[in-house]
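What follows is a set of structures for review.
What follows is subunit A paired twice: with subunit B in the first complex and subunit C in the second.
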Partner chain A sequence: MTTGRSRRRAASPLTTRPDRFFLWVCLAPALLAVIALQVYPLANASLLSFREWSLTNSTEPGDFIGWANYAKVLADPVFWGAARTSLIITVCGVALQLVFGTGLAALLRKGRALHRTARAILLLPMVIAPVAAANIWRLMFNSRSGSVNAMLASVGVTGPEWLADPFWSIVAIIVVDTWQWTPFVMLVVSSAMLSIPQELVEAASVDGAGRWRAFRSVELPMLTGAFALVVTFRSLDSLLQLDTVYTLTQGGPGYSSYTLTYYLYALGLRNFEISSSAAGSWLFMIIVAVIIVMMFRLDRASREVSS
Partner chain B sequence: MKNSLPAPRVRRIGGVLVASATAVALTACSAGAGDTAGGSKLVVTYMDSGTYNVAAEKYAPTFEKENDAKVSIEAFPFATLGQQNATDLITGTGAFDVMSTSAWDVEIYNNLDPLTKRIDGWKNRDQYIPELLKDGPSPYASGEQVGLTYASDAYGIFVNTKYLPADTTFTDWDDLVAKATALKSTLPADVVPISFAFGAADQIPSIFQGAYNSYYVNSDGKWALDEARATKAMQTIGDIAALGTANAASLSIDEANENFLAGKAAMLIVWPSFVRGALNDESRSTLGDAWAQVPFPGPGTPALSTWSLSVSKLSKNKDLAWSWIEDFLTPEHATEWMFTYGIGSPFQSTYEDPELLKTHANDLPIQAQNLAKALPLPLTLKSFDPFMRPMSEFVSGKGTAADAVAAINQGWAGLEVPKALITTGKANGFVQK
Partner chain C sequence: MNKRIVGAMMTALIVIVVIVWSFPFFELISASFKSPADFFSSSFLPEHPTTENFAEIFSDPKTGVMLRNSLIIVTITTIVSVLLGTLSGYALARLGLRPWVIGAVIFVLLFFRFYPRIAMVIPFFVMMRDWGLFDTPFAVVLGHLSITIPFATWLMLIAFRGLPNEIDEAGAIDGATLPQRFLHLTLPMVGSSMATAGVLTAVLSWNEFLIAQSLTRSNNPVLSTGVASFITDAGVKYGSMAALSLIICLPIVIFALLMQRHYVAGMTMGAVKG
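Let's look at the complex of A and B:
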């Protein structure tokens, strides 16, 4: 007869002291890398955020000044404007990507050659560097010589000043983000669709459900996990994006397309306000963490409701 | 049954790990040693503009041969050149010996080597435009000149002489707006009175500077604008935007230039060095000789753009670094590069050359006149952002001129003005008395 303790021991492949030592030796480089690359910078940024340090005044961090850097960032209207813009871009962009990605995945789920080719072509935007993609779109959005307004003109619509108008500049960023990352959503949702047992869909059609009804009532609820994954990843990515905004609008006109990452870039790397930038980064991290936690809770709640 | 690896194998794996780590460390050390080796090597930064850096690359082999030195030209786009210089200096890296600096780098002037004595004995000093040696046009720190301007440009106005005479003068910006408004009704339908790159937001302050004649730093030593006068200058920006093409708010510099070069605008407001090459090139301009530069109106001043060569305090080859500046910056080079690359010459001799005046009488005398009165704004990059963005918002239709001025003053409220800039600002009349 074996005890629970000995059963656990038997289940563990590394039981002896030399084994465990070897395990730690193998793990040590990875642990050190994690500490050096993740924990240390975060801890250092946290310490810096409570000190006074502008690189243009001193090459060394100054005195501890408590929460002053946080208060300064929180009192800056540009920070709140940037937070609002980041949220608008993320919510609108991810929603559009979800709709288009799911639609494309549903349309191209068959294994026919045409579908496979279309899928491969649709994946192309995802492999283009965001800076290059934004550059291409900057030319296309040119109100006079760009192809977007030329296409609109061909159907009798006068295109807007995409990059010179406070509203349309944000729309332009959302369009580029949607164009580039819809294929990612399509890819993930396609994989999730393939894992749905076909018997369920067939059973629904036997019960008289049409294709749309079967998709809505049988497949869509089973894709909730994939949607949660996609929304989490894409929201994070979208909140963190800097290259598209930098290349497309430089945060303009005025501050209208300033995002949180652009704000932090300008604060830290252009103005050399190191400690304020560290405080801003922590605030940004908290905002992102809150959003992610809310998403997980929503996902859990929706699963409970559907189950 | 024991489920562990045999001890010799563990030792072997451990040995491989240690050997790999040692190899990586040795490689890193040897690479580092290679970087620091080398006697008379000079690293020089330039803006990656396709002009300054190209001229430097072209000249470098001659310098290398004459000085038995190796010169490396590091070119960075405008957006990152200042960052590269600043990071190198304030982190004590010392990778660059000679740096291209501009008025935006005022916060790092204290980290540059004083050049006053060298410039006093400089062989080409008497041919140089004297105003460019002053604090403001040239970089100064603690009373010492820390850079020598090799490229200078003053914001200018060009007219299409088909619509406006070559000797047009504007008493001030109100007069310019009035004349342009009157001209509008007489122009063909596809020609606008003024072309300006409002889409390049960093250009808009140049009009403001021309139309505004008051302080940028108040008597408390803080950045601030005189609200009434600034609002009037801001309104001028709006008036000029209304005299442009329908998409004036989004025009890039190239597009604004193209309007003028194609004969679709009666006036062009621009950095002359951005368009001079095209204006003198028949394959790029439809105007032929039908253009002229006219005096930049007041009550403010033309914006001044200067690129100076400075020596890093961290340089280990300061004499060689000065040799590069002295040999790169000659009247002959400056004149040649002005018409080859569009780099504005800082030498008076270029603008007084009888041969050049024969072919460039519609441009050079006014350029020299504008250069003599042009000044850089007493701002840093940090303060320029809250200065130009509200202007850009105003042009794109968001808020009034007064709102934009209020937004600028609000954006400047928490910023500290560097001491060096207050001295320069006082010297140029930009500080409230």
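Let's look at the complex of A and C:
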């Protein structure tokens, strides 16, 4: 997706045995760490997903029960509600981030001091902890003392009880995600814009194309690679993240703002249904894998169109 | 003339956008100085400014534990990730692997970055319990390393693959062994990539919530879990919630501004190398 296309071949093939030995010694610690900390737990999760284990009943995993855990999760309406909510948040959030991020990148494309300073300030939301960002917005959305409703009131609109309403709490999550991650889109699109040869854009404007037309028909097509990249990264991260929902709404009111990760978190580490949660996370894994494959296809198609 | 008006309007637009986008930070700062009564009024600035919230936060021994744990976790995670990531990135770049193997390795490394982490957290929780590490900062370190080692490896692999071979070959002709060439010729050329890997690892580890929340309980909270634990909606705790949120934000904002070049380089790597 991003890096497999490096043009340079690996270093000249090594011939001496001590050299190879040295390289394997270099690789060993990281390899062992990845096996112990990633491969082993994941293999463990797939085993757990076929056993019966609720930590409230027993401290050790029980018998193998086939696909029962999967069936249980798939039969749970909360799971499907969470999948729907996750999808809505991701699609709306990423679309807004794409529009705002590209707009900001276009606005701040010059190397002038004002533009550089603005970019530096604008990237701050993405460096802070998502839990802190969510707390900041809990203050903003507070219906009595928060600035959001105060501003709405100043134009004569009575703001909703943001975090206590099934609809508006989802809007709130999208707002926080957009506030925090638009800067990421801005950074990636900016750096892609910088790599577009300026002569092309100038040539277009000499030919009489207006600023907007030059942007739309010359630059935008050259940015498809960057767009595919941010859409992939942001969709996956947004789909997977727990922090905002956990801090902002706790999945509430009721189950209305449960997302997939929050659902699995609550199932496994709050209700201690360890094996059901493991089964659910493998189902989630399949959804994510399908998305990754689709993105790959889209990425390839867009590259073929633009070249 | 027309151009100058457009320029001035653009400048105004940029200033407005920056103010609007950073406004939530001002709300945070303002709220951290508000007294409980201020949260019942809609005034933006505190009507009865107080430092009570900070006093309350710092008089709580938990805050010291959180700060200490977060610092331990970030330090160990960053050092180990950069060290192991550099070594393994170098090995993968130099082993003369076939292109499809390298492609597969990169795919697996990116997969570790993007699969639903909750899948790993459940067995990790059981594993840490069995190893007696549950509710210690070291459990969180191991959890973070599981993400940051593959990530640092990916970053360093790309850095090493981008280096020209000529210098290394000249060193080989002069009779330097591979470890000598690695230390004295290759390593100095990837210093900036190592810094990038370190900065991104540190930011991730400082901010990370899911793993920290799942592998610790009340004995060893870290800053991110402490910040997320203000779940009372009574309106009473908003002040301390704001104060603690400010405390977790401030160091990372300063760090990111100082290290901006490396941070941006890491974040936009995909776009540049794509």
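The criterion applied here is as follows: the second predicted complex is superposed on the first by the 294 of 307 C-alpha atoms of A that agree within 3 Å, B and C clash if a C-alpha of one lies under 4 Å from a C-alpha of the other, contacts with A are read in each partner's own complex, and residues count from 1 in each chain.
Basically, contacts are C-beta pairs under 8 Å (C-beta built on N, C-alpha and C of every residue); 3 or more make two chains touch, one makes a residue touch a chain.
All figures in this text were calculated on a predicted structure; none of them were measured in a lab.
Of the two partners subunit B and subunit C, more subunit A residues are in touch with C. Contact with both subunit B and subunit C is seen for A:19 once the two complexes are overlaid on the shared chain.
In the superposed model, A:144 makes contact with both subunit B and subunit C. In the superposition on chain A, contact is made by A:253 with subunit B only, not with subunit C. When the two complexes are overlaid on their common chain A, residue A:122 makes contact with subunit C while staying clear of subunit B.
By the document's definition of touching, neither partner reaches A:66: not subunit B, not subunit C.
By the touch criterion defined above, A:165 reaches subunit B but does not reach subunit C. By the touch criterion defined above, A:269 reaches both subunit B and subunit C.
By the touch criterion stated above, A:184 is placed in contact with subunit C alone, subunit B being left untouched. Shared contact residues of subunit A with subunit B and subunit C: 13-14, 16, 18-19, 22, 29, 142, 144-145, 250, 269.
Here subunit A touches subunit B in the complex through residues 13-16, 18-19, 22, 25, 29, 55-56, 59, 72, 77-78, 142-145, 161-166, 250-256, 266, 269-273, going by the rule given at the top. The residues of subunit B lying in touch with subunit A in their complex are 2-5, 7, 10, 14, 17, 83, 86-87, 90-92, 107-108, 198-199, 201, 247, 249-250, 255, 381-382, 385, 389-390, 392-398, 410-411, 414, 418. Contacts from subunit C toward subunit A in the complex involve residues 10-11, 13-14, 17-18, 21-25, 27-28, 31, 34, 38-44, 84-85, 87-88, 90-97, 99, 102-103, 106-107, 110, 112, 114-127, 142-143, 145-146, 149-150, 153-154, 158, 161-162, 165, 168-169, 177-179, 182, 203, 206-207, 209-210, 213-214, 223-224, 227-228, 230-231, 235, 238, 241-242, 245, 248-249, 252-253, 256-257, 260, 263-264, 267-274.
The touching residues of subunit A, when paired with subunit C in their complex, are 1-6, 8-14, 16, 18-20, 22-24, 26-27, 29-31, 33-34, 37-38, 40-42, 44-45, 48, 104, 107-108, 114-115, 118, 120-140, 142, 144-147, 149-150, 153, 179, 182, 184, 187-192, 195, 225-226, 229-230, 233, 236-237, 240, 242-243, 246-247, 250, 260-261, 264-265, 268-269, 274, 277-278, 281-282, 284-285, 288, 292.
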